[in-house]
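Structure, as structure tokens:
All chains are identified by letter, namely A, B, C, D, E, F and G, in their written order; residue positions are counted from 1 within each chain.
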Amino acid sequence: MENRPLDMLNAARDKRVVVELKNNKQFVGKLKAFDIHINVVLEEAEERVNGELTRKLGSVFIRGDTIIIISPE
Amino acid sequence: MENRPLDMLNAARDKRVVVELKNNKQFVGKLKAFDIHINVVLEEAEERVNGELTRKLGSVFIRGDTIIIISPE
Amino acid sequence: MENRPLDMLNAARDKRVVVELKNNKQFVGKLKAFDIHINVVLEEAEERVNGELTRKLGSVFIRGDTIIIISPE
Amino acid sequence: MENRPLDMLNAARDKRVVVELKNNKQFVGKLKAFDIHINVVLEEAEERVNGELTRKLGSVFIRGDTIIIISPE
Amino acid sequence: MENRPLDMLNAARDKRVVVELKNNKQFVGKLKAFDIHINVVLEEAEERVNGELTRKLGSVFIRGDTIIIISPE
Amino acid sequence: MENRPLDMLNAARDKRVVVELKNNKQFVGKLKAFDIHINVVLEEAEERVNGELTRKLGSVFIRGDTIIIISPE
Amino acid sequence: MENRPLDMLNAARDKRVVVELKNNKQFVGKLKAFDIHINVVLEEAEERVNGELTRKLGSVFIRGDTIIIISPE
């Protein structure tokens, strides 16, 4: 199976993932792009705070240094 | 579609974007420039706090390490 | 025995580890991948807060700069 | 127009700019110098807190990692 | 005697050390490995909070950027 | 006049400067040395908190990442 | 006199210095080693909090990114 962490992100491309940030927000959307800084682009993204949908965004660029975890939904 | 996060920013060039910062402020404006540190320049920019317009700025340079997300408006 | 810290992570590959984060959360799961930034991928992962199971996640990518310790369970 | 964020700073050279810091202070002055870390030198600088003039400084070196935004006045 | 900080860590290899973290926790154990980022591996490790033993861990990887001091016990 | 921020520090060498830190302390002294990380050495240095002299130090090394501004007194 | 900040540390080698940390602790001891990250080793070290001796340590490795100032005692 995969041996490097980015391989897991690569396998999640075009699938829906949950991205959790240091400010306690979550963004859920289709993973379109990422880089070695873990900068991430989601499409059809939703923002959730404490599990509640707070906002719908088309596509969103998330700066890597604000991210705690990324997990397939 | 795009494969790297910066491609998404490139596609947003000259379009209006929302930039959210770690201090909870938002800047909304036309995306004129960005670099690999995610330093960003907006034109016809507005500052918003809790969704309220708080200030109009002509152009503004935003240092990348203060940014959480960038999303087309 | 091992001489470099990453050798210890290598020896823990495919074993269950506890990953503790700066935000006081723990993730427990099978260590599938890591890199020099200590970005980590766990499978069959559980989130625990104050020792209580709070969530089950399939696989999870954890950004290295949020990690305090990693220890075999 | 400009394509890189530093081009905007270059165009603001010798003009008055507002520099906002992470500690909520503002410095307003003539932009004399900057570098890729966004270290900045202002001349005829004033410090403002909550919009109030709090101090006059001749020239001031501002370390880049404390800066949030720079905007022509 | 030693001239570089890492020489002191090298001399402490296989000896018991106290590692103090930014979150006020201490880990005490046998120093098995370290690298230039001051990532550290301890064996027969104990966690202490305010001087009280709070947990026993077999071996533990500690990410360098969370460490304040390392001192032979 | 100068074009790079470090030129301003160079012009201040052997002159008295105020160095303000992220922890709200000020150090005032003669600027003897600096480097690209903005690590700084002052001589005949005084520590001030809220404008009050709190301590006299002969020479002091100040780590760059704790510095907000440097200004000739 | 010295021109680079590390020259000042070099001149303090084997002399007693005060090292102040971001967590408000001080370590006082004989400076045995330092590197470009300002990682430091002290010998015959004492920890002080608010000027009170709180602990005696033989030798101590202090990670550079936790240090604010270093000053000969």
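By our rule, contacts are C-beta pairs under 8 Å (C-beta built on N, C-alpha and C of every residue); 3 or more make two chains touch, one makes a residue touch a chain.
Given the structure is predicted, the values throughout are model-derived calculations rather than measurements.
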Chains touching both chain B and chain C: A
Cα-centroid distance, chain A relative to chain G, in whole angstrom: 42
Chain A-chain D separation of Cα centroids, rounded to whole Å: 34
Set of chain C residues in contact with two or more other chains: 65
Chains in cyclic order, anchored at chain C, direction fixed by chain E: C, E, G, F, D, B, A
Chain D to chain B touching residues, read off their complex: 1-9, 22, 38, 64-65, 67-72
Of chain F, residues touching chain G in the complex: 21, 23, 27, 32-35, 39-41, 45, 57-63, 65-66
